Amino acid sequence: MVKTDEEIEGAVNPTLNPFRLQPVEIVGLKQVTSDVKTYTLRLADGSHFRFLPGQFNMVSVIGIGEAAISMSSDPDELEAIERGTWQHTVRQVGNVTKALDRLQVGDRFFIRGPYGNGWPPGYPLQRVGASRDLAVIAGGVGLAPLRPVVCRRLARKTGRLEILYGARTPEDMLFRDEFRTWAQGGARLMLTADKIADGADWPYRVGLVTALLDEMEILPGQGHIFVCGPEVMMKSVVRELTERGWPPEEVFLSLERRMECGQKTCGRCQVDAVYVCQDGPVFSYAVVKELLGVDI
Amino acid sequence: MTAQADKLKMAVFKFTSCSGCQTPFLNMETEILDLADHVDIACFAMASSATRPGPYDLTFVEGGISCEEDVRRINMVRQESKILVGIGNCAVYGGPQALRNFMSLEDLKRTVYPQPDLIHCFPTCKGIADYVPVDGFVNGCPVDQGHLQDYIVSVLLGKSPEVSSRSVCLECKMKENICLIVAEGVACMGVVTGAGCGALCPSFDRGCYGCFGPSADPNLNSFANLCRELGLTEDEINRKLRCIVNNAKAFREEVERHVPQPVKG
Amino acid sequence: MCPSQLKVDYLTRVEGEGGIELDLDEQRRLLDARVTIFEPPRFFEGIVRGRRCEEIADIIARICGLCPVTYQLGTLLAIEHILGVEVSRQIRLLRKVFILSQYLGSHGIHVFFLALPDYLGYDNIFEVAREHRDLVNRGLRLKKLGNDITSFLGAREVHPVTAVIGGFTKLPPRSMLDDLIIQLKARQEDAQAALEFVARLPRPAWVGGRVFGALSHPAEYGLDEGRWCTNDGLSLSAEEFTGYVEEYQVPHSNALRCRLKNGAHYMVGPLARVNLNFEQLSAEARYAAGRLNLCVPDYNPFNSIVARLLEIVHAIETSIKYLEEIEVRQESLSYDIRAGAAASLIEAPRGTLYHHFRIDDRGFVQEANIIAPTTQNLSRIEQDLKELVPQIASEQDGNIARACEVAVRNYDPCISCATHCIIKSETSGV
Amino acid sequence: MPRKVMQGLAGEDAVVERTVFNDIVTGLQERGYTVYGTVNEKGAGIFRPLGDAGEFSLRCTGGTMPPKDLWYPPFETLFTYDRQTGEFHTDIEETRHAVFGIRPCDVHALLALDEVFLGGEYQDPYYRARRVDLPLIVFNCVEAGDTCFCSSMGTGPGLDHDYDLLITDLGRSNGEGSERFLLEVGSSRGGELARGLRGEAAVDEDYQVKKRRLQETAAGERITLNTGDLPRLMHNGHDHPYWREVTDKCFGCANCTSVCPTCYCADIFDETDFSLRETRRKRRWSWCFLVEFGAVHGGNFREERIDRLRQFMQHKLNFSMGQYGFFHCVGCGRCIVWCPANIDIAQTGRVIRGDA
């Protein structure tokens, strides 16, 4: 714990300021739902931006502030690598996200990152459970950080992939135009909406995402489950998964907390002894259920 | 001043108040000329004879609502304003004159006027949010000039202005003042008062008297107990909570817990 | 009902909410002129009843956001009279500096923001700044100086927090007074230059009221000590004030007004003070007046703006003198509560301000009476309108209205002050 | 025992008199440091820049506010952005502060912050710039303050590492004679400072006296907290009814966290000037007691005051152990002194662990 001056000096590369921002340019924009947009981005200096599925950036609109936003595209997609692009899918809820909403193709903003551990924690995706089955369970905008996983799995075609996705209404679902491709690629897609308009054409379920759990074919012991969504939703999901015999070590959750630095120094995202920004945002349920201050 | 499309069209209106919260606009000294670069002051009766009609992008309202005419005007102002911001104790809570809310209007009229029957006003003075929807507030009695500037800058940039739950205590600590409660046994209201003034009173050796209103989650029950421990009578505690800012919910409710409510019309 | 009515619905560049109504007949002869006040009453005299005498200065300060210092000090002076508190010389001097800082701030606002645009034909200070940036900067600096001193002694410009019975909660160290002196000296030139500019501005020639009232003191320019004198021979102590000055109501308006019991409508404020106390102005101010050929008594209310600048010059010089004298010894404030009643008079920027309180033996206020300067000026203002309008009756309505507004503004009326107890007037429907 | 009296030390441990304090302060100032020390204001110690050591007050223990702002200021600018040109400007200034009279608990607090800002994957260059050149002249505590419990937390009253110079008041020999202080040199920088000072070479007995005085101080601490197994016990006691009892008194004013030498939480925010020419990204202290601290869009993870109060105390007495391997409470007692509601973290710890 004790550091000499020399150690402090030696440990730091003074040219690397972790608060330094990188300018990015919007090369593509897509309205996903009425209040969600996907931004296709490129670093303004042309260099390649590397990240892991499940990681996030601190996105800056200067004068407004910063917000934590996950990468929503597949980091290994060849075309994107060639062009040096990646995507963020953002729901407008507040200052920064609304400021992003005002931007157009060709506009610039800033990022720093990537931050966090990714799915599942500590491992590149292809190494863990590559041959095992995977179920992803998402609520609302929580599908954004899971999309890289879905794309990755479909490209690798290893093991079964089940997607359980719920949103408030069918119109609030992200990536609806990709569902067909996902299904054709071999994913089993199970959808549910909390409520639907009278007389709407909705061949799927109505109700909470937990209602889909009975339809799952992947069984405990056969693979992993990745969950992302509002905390209450994750809470009921893991409760039911546990009842169905899923071991806590095989279920991974992406937690949301307030973040200001992403570097374990601002203290905002601490829960119990972990920092969600760096030790997470992805944790196994085995870890989460022991944490004081998380109601899951 | 001439209107310009890219400028923020701003207005300032006064209701029942002392003008102390408009004065900071005039006290912006050189900044006020900066202000004129981005902001088109379309209506500010105290500063300019040229008043142009709404709609306004940003309207600051000083003063509480205490009569029919106030109600008519605040509705009109609301209609004409995209963003309506109440500034100061009067607009937020009703101001010092809201002390009358806890008294009998008839008694007051008789006390002050030879012909009480000629007076027409409400028995209460209340904040503007009791009458119209409000987009934001700036606290203080008076408001701090810097907060008004921040508000304008935030609106110009397109973000919601900061709302902090800091207490006056934190401003004291940042100034390294010695705590009056701990060191001198003064029943300072800083612990239940929202920050914003820069801990003025404690910096000048007197206990905070709460002019920025209650903090975000004030523990008034504990404050009343603290006062009791420091030897204050119930009446003294009540007068503390019913002074400059008297009609804020948290202060009002704490007093109501202590005393049987006087009957009021 | 009168055949035609000319109205200024909402007076601008004054403090508070008021208007003007002129009734004219077919020949455009003026039948009546009224200053209407639609600010609702705030009952300050009522709401301080039942409160401890220590608490009320903070509440009463909230009568006016432009001159809270004089309200606070006026209250404290009256309470100190009741309790028999003798304040030390250093406190008396600091208080005078405190009051003078309010003059700088309040006059600064009135001269530059409210009045000057009239004399230059603009609507507001921003337009003035385009042509006369230098002058406006001088004005802003003078006002800032006033604000800085107020907040230096009182912690903030509006509703300061340090003035208490017997003195201040905390006294500044001597070294900081020296800093203030430096700041004051640095602004002397601005004050002189602004005075010069304004004194040379064309102003309407006009003879207004001939009765003036102000606190006067043989040894100093009346601020918070002395007797209230008029140029027609009254010389009153604070206690005697209400024996000779009466508040009354007029049929056409419900607002309280004041007049001398002999029936005279009188004027208070800077012009009144300069007229009555010219000899006590600082040497610089008197010298400047001579250089600029200003003579007293001056009956033209349009010259009030010059009187304000003379007071600004005076305030700076006098503050320097007082600050140099103060030694700063920490003193403890202690007093005993006792029952009684007393009045005080203080010269607010806008004129004489009267306070009267009665407290019981536990220090609770039983009775309060406050007469604000604007209350006293109101009938004089209406009188001016009545004399002014016939002379310009042939002009277009807009010009008449504008001229009336300027005439009202000469008095720097402070409607919030007036309405701490003024009754809402009935605006007649047309 | 024979002693070697020296006109000028060569940079070794020695016994000195109070007069050398001034030489040390001057020595630091001559080397370009701004020297901070506790000055007595209204009976409480406040770290202020010292003109000379005469202003320094030995009597106050830790000081009202910790000297934390010297390495972690309450406000700082991370960078400035010119809104017209789109250029960034970062100004990281290496400060040259020295602390004269910092206490062992505060040194431990500094080491805790080192771990936060420099010990992880990201190194904070702003902190580092203030930390690299920071001479610490430490005073061991020979008198416990009313609310000190450093010996419980293992952070005092004596220090045996991370000082440049360490000074222990040895008292007057046999209650008579002049005051004597043991001056220990802990670094080459400290050696430099000690060189040339007047003093006598330290002998065994001096170290014995020091040891005894520190033991007496530790024994004199009125507050104690058994830290054995504390994190686990705190974990288990998360729903203890005592939390409610304390919360009912707590104002949520954050005085406790604002005087804590190890609290490091922050806001990062943008500030734009009135003319809209520049935006400064700033960092400022924040505290888990603020209502908005745990608020995100649509909710607050610490909605209730009890959650916020628990976060503070759990962080100090439990979570920090999991995060960094040691307690972030260094037992300085400041939060106890300055809590207007008389809330006592050590007392809470004792109750939750079952000792009280």
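Chains: A, B, C and D, in written order; residue numbering restarts at 1 for each.
Operating definition for what follows: a contact is a pair of C-beta atoms (placed from the backbone, for glycine too) under 8 Å apart; a residue touches a chain by one contact, two chains touch by 3 or more.
Since we're looking at a predicted model, the values are computed, not measured.
Participant: Which two chains are joined by the greatest number of C-beta pairs in contact?
Facilitator: B-C
Participant: By C-alpha centroid distance to the whole-protein centroid, which chain wins?
Facilitator: Closest chain centre to the overall C-alpha centroid: B.
Participant: How many Å are there between the centre of chain A and the centre of chain C, using C-alpha atoms for each centre?
Facilitator: Computed value for the inter-centroid distance: 65 Å.
Participant: Counting in whole Å, what is the centre-to-centre distance of chain A and chain D, each centre being its mean C-alpha position?
Facilitator: Here chain A and chain D have centroids separated by 39 Å.
Participant: If you average the CA atoms of chain C and of chain D, how far apart do the two points sit, in angstrom?
Facilitator: The answer is 53 Å.
Participant: Measuring centre to centre with CA averages, how many angstrom lie between chain B and chain C?
Facilitator: 25
Participant: If a residue has to touch 2 or more other chains to count, which residues of chain D qualify?
Facilitator: Within chain D, the residues that touch at least two other chains are 269, 272.
Participant: Multi-chain contacts in chain A: which residues touch at least two other chains?
Facilitator: If we look for residues of chain A contacting two or more partner chains, we find 63-65, 94.
Participant: Quick one: which residues in chain C touch 2 or more of the other chains?
Facilitator: none
Participant: What's the complete list of touching chain pairs for this entry?
Facilitator: A-B, A-D, B-C, B-D
Participant: Which chain A residues qualify as touching chain D in the complex?
Facilitator: Contacts found on chain A: 1-3, 5, 8-9, 11-14, 16-21, 62-66, 93-94, 230-231, 256-258, 260-261, 263-268, 270-275, 278, 292-293.
Participant: Which part of chain B faces chain D closely enough to touch in the complex?
Facilitator: 31, 34-35, 37-38, 149, 152-153, 156-157, 162-167, 169-170, 173-174, 176, 178-179, 181-183, 190-192, 215-219, 221-223, 225-226
Participant: Under the touch definition given earlier, write down the residues of chain A that touch chain B in their complex.
Facilitator: It is residues 63-65, 94-95, 98-99, 102 of chain A that touch chain B.
Participant: Okay, in this complex, where on chain D does chain B touch?
Facilitator: 41-44, 46, 64-65, 74, 248-255, 258-259, 269, 272-276, 287, 290-292, 305, 337-341
Participant: Any idea which chain B residues touch chain C in the complex?
Facilitator: 1, 14, 16-24, 26-27, 29-30, 32-33, 36, 41, 45-51, 66-67, 69-70, 95-97, 99-100, 103, 107-109, 111-115, 118-121, 125, 141-142, 197, 200-201, 203-206, 209, 211, 239, 243-244
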